[in-house]
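Across the two complexes that follow, subunit A remains constant while its partner is subunit B and subsequently subunit C.
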Partner chain A sequence: MEKLEFKFPSQALLAAAPPALCGVVGSGNLEILVRSGVDRQICEISVNTSARGFGETWRAVLATFAASQAVGGTSIAINDMGATPAVVSLRLAQALADYRGGAQ
Partner chain B sequence: MSLSIRHSWFEATARQRLAGLLDPGSFCEFLPPAVAQPSPHLAQLELPGAFDDGVVVGAGQLGGRLVLVAAQEGQFMGGAVGEIHGAKIVGLLRRAVAEKPAALLFLIDSGGVRLHEANAGLIAISEIMRAVLAARAAGVPVIALVGGSCGAFGGMGIVAKLCSAVVMSEEGRLALSGPEVIETVAGVEEFDAKDRALVWRVTGGKHRYLMDDCAALVDDDIAAFRNGASALLAGWQERPNTLASLRAEQVRLQGRLATYAGCRDGLEVWAALGVAEPARVPLLDCDELIALKEGLPT
Partner chain C sequence: MNAPLPRAWDSLRQSRGKRLERAASLGLHGKNGKEIPADRIIDLLEAVIERGDRVCLEGNNQKQADFLAESLADCDPARINHLQMVQSVLALPSHVDLFERGLASRLDFSFSGPQGARLAKLVQQQRIEIGAIHTYLELFGRYFLDLTPNVALIAAQAADAQGNLYLGPNTEDTPAIVEATAFKGGIVIAQVNERLDQLPRVDVPADWVDFTVLAPKPNYIEPLFTRDPAQITEVQVLMAMMAIKGIYAEYGVTRLNHGIGFDTAAIELLLPTYAAELGLKGKICTHWALNPHPTLIPAIESGFVESVHCFGSEVGMDPYIAARSDVFFTGADGSMRSNRAFCQTAGLYACDMFIGSTLQMDLAGNSSTATLGRITGFGGAPNMGSDPHGRRHASPAWLKAGREAYGPQATRGRKLVVQMVETFREHMAPVFVEELDAWQLQHSMGAELPPIMIHGDDVSHIVTEEGIANLLLCRTPEEREQAIRGVAGFTPVGMARDKAMVENLRDRGIVRRPEDLGINPRQASRGLLAARSVKDLVRWSGGLYAPPSRFRNW
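Right, the complex of A and B next:
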């Protein structure tokens, strides 16, 4: 297992919301937990992944996500069982939609 | 039923099953992912854990009545029971003793003990067994719902049979030793685990229903499980085990073993039960199979 920690600048998300969970830690899949973070301009992401040596791939996928979406002020935790970058991007979009949906 | 409106129980995650099983919006999770702790044992083995450790527990309503629910996630480590996973289930069952809900619904999807956690997993399973019996003794029906990809095997097979009743789909499987275990221990001549049709003929929902091992057989559909559980609970009187009822069950099982000991396949068991065309059983849909069972000699 490899533990990765990232911090990306990102446009502030408008409202904090209850935590949202998306996905399952199954083969080729991952779960993503989105919570409100501390700094409104930063998206914090921590990853536990079963696949070692893919830190730069994670950085590229997550940086694209943080740059293209307003996710400042969120803290995202990921448990991964070997998901491909496409699956990671899909789940991130789903998790963010769930989190936004929970904001009242 | 139109295929387009079916929401497969087999394909759904534990959380999707709960969302469709309970009254809309009524589910309240205990120890949700944001406050729960992943397994420390898996972390020591350098394996990623899951925030909920593979089981979702909480309270909700079924047709307006309060129920407690536990749903195992078969996609995470085969739904296997580790220390935290087991502790969440035991805590829920103890809560049932204190709160006396209308029922505790146990959505089982598990191969049994999580071997990575060794003794902690084994102890967790035995604690679940005791807690199921304690809840039933307190008058709370514990209903097992089995229709996921991992079925109910190993210790969770025993737990399922300790419950008040079992609701299954054809896709669900229920047994003690899993097919691969039997093949490994006793040889492929004894049991060919790769023969999926055979596996379902001896562990699948239809076989269990014909053998009276489950109280209800439903379609692989979340709404069908909801309706099946509701129908079972309507007017349900929980009867905890007594010494006399256990002795009677032992006699029944001994008789069953004597009757079917020579059978090598579900097909032979069904023929002995009086099914005229056993080979057609796998082709029947749920309603046809229920009608067939009602027509069998008793």
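Right, the complex of A and C next:
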């Protein structure tokens, strides 16, 4: 296991909402929990992953997510079992859509 | 005036006569002179095959003349040697045995699949000379020019006493092989699964066939085109949604071929759900050059599909096909007639789109399934996945693509050639690379060309989980490179993109993201698949589809 912590500046998400959980912890998959965070301009992400040594890839995937979406003010927890960047990006988009959906 | 040197003008016929006499002298003429007992097949092969002959051993990635292949490999290399094998596929261990045992020395072929590693080793040891790696149509073409077989060893479902053959749903390559051999003084030997007094239909007339042998067991058929929907991932669903909305719908693609794989299986399974929701029924995917993919059943049952012509059949699909004769090509007996040569022709000239997958793609869009230490070949993909310059008939999809590529005054259209890949394969191997392994392979194999499956200038679109790149709209090599980098995700090639240029391409619609296409990521779930298991496919077929046991888990 490897634990990674990231903080990215991101445009503030308009409304806080109840937590949203997306995905499952299974081989090649991951679960993502989106909750409201502390700082409205920051997206905090913590990653627990079974695959060691992919820190830079995680940073790139998560930075792209935080730059392209308004996710400031969220705290995201990820439990990963070796998902590819493709799966991670899709799950992030789904988790955010679920979280936003909950805010409506 | 010099008198021409006297020569025989019928040496092929004379040679054929001598071969048949040798067989007859061994008592190898059963009833009507054609039925040979299985235990004398080696005697027959040694009698009719000569040193240095060109021999076609029938086999594709579906049916295999496996008994004849094993028998030929068991012949005495002191009697039969220096054979030049001309065959579609090198698939069985016995095919490679021919070279390892010193019976054959040269190979012209299309695809090697599972024997790719053994083949590469033989080449490195200089125990095999590869003439060329072809597409199927090229190889069939050369059967009628400079690679005509002296002897063809083929597989048929059944023979009657006269030697007429019934090929069953897996007609595949047989007509092309037999026609070239039988009409140029060659010998045709067929292994059959059964002998019948009355054939369901005659696919090969008896006077094109010299010998038939009842094989000890039915010829092997690989269920190569069966994809279990249970293994389709949500990323594949997302990519399929992008392909349908961003390409199929926009170009109005009605005539097409799908490559083999889970990416395209996902598209097939989204037709009755997502595509129907978008109002695309009757507007896309009506006419197919395609093997009978079980994953196409829900689309057929939903009324999406008008016609399917097949290269070969697929294990378990025959009863379903026979019951859907409006859709499939079937004989008067009810069973399907496939034909690889004609279906490849349809794929090359009559389809508006090919969509398939690859293992590697470079920054020019060249793609290859060759990896180091393996010689795999191409099969039919380059015929499907290329823009045929000899096409002259128009269609809306072809015209739209042509105008995107060549401008509004274009005098020709353009086939859509779509490569659909996830940016990483298993074990985080990037699909997008600076240089294809094919180049290194060319050097290590001493080949004249790198084994590129689909050339970049034939590719119109690339679909990845990150988006769609439309290469038709790129105007410079730099734009093309950045469009490819722009969908290459988090591979090193993708990370090295010029972000500003990719955003500019996005503004021009050359690179499009799922959100640009209005795709809701929450919809990208397995729940959108019309069938989520093989059992679902059986249900859709009304119980007509009978999957092979390895796909049954209920």
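Here, the second predicted complex is superposed on the first by the 103 of 104 C-alpha atoms of A that agree within 3 Å, B and C clash if a C-alpha of one lies under 4 Å from a C-alpha of the other, contacts with A are read in each partner's own complex, and residues count from 1 in each chain.
Assume a contact is a pair of C-beta atoms (placed from the backbone, for glycine too) under 8 Å apart; a residue touches a chain by one contact, two chains touch by 3 or more.
Just so you know, these numbers come straight off a predicted model, no measurement behind them.
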item: When subunit B and subunit C are modelled together on subunit A, clash or fit; value: fit
item: Subunit B versus subunit C as contact partner of A:98, first or second or both or neither; value: second
item: Subunit B, subunit C and vertex subunit A (Cα centres) - angle in steps of 10°; value: 70
item: Touched partner set for A:87, first subunit B, second subunit C, both or neither; value: second
item: First, second, both or neither for A:31, with subunit B first and subunit C second; value: first
item: Subunit B versus subunit C as contact partner of A:79, first or second or both or neither; value: first
item: Partner chain(s) touched by A:60 [first = subunit B, second = subunit C, both, neither]; value: second
item: Subunit B versus subunit C as contact partner of A:48, first or second or both or neither; value: first
item: Minimum C-alpha separation between subunit B and subunit C after superposing on chain A, in Å; value: 5
item: Subunit A-touching residues of subunit C, taken from the complex the two chains share; value: 233-235, 238, 422-424, 428, 464-466, 489-490, 495, 514, 520-522, 524
item: Subunit A-facing residues of subunit B, complex; value: 13, 15, 32-34, 38, 43, 46-52, 73, 75-76
item: Parts of subunit A lying in touch with subunit B, wherever the complex brings them together; value: 1, 19, 21, 24-27, 29, 31, 33, 35, 48-50, 77, 79-81
item: Of subunit A, residues touching subunit C in the complex; value: 28, 54, 57, 60-61, 64, 84-87, 89-90, 93-94, 97-98, 101
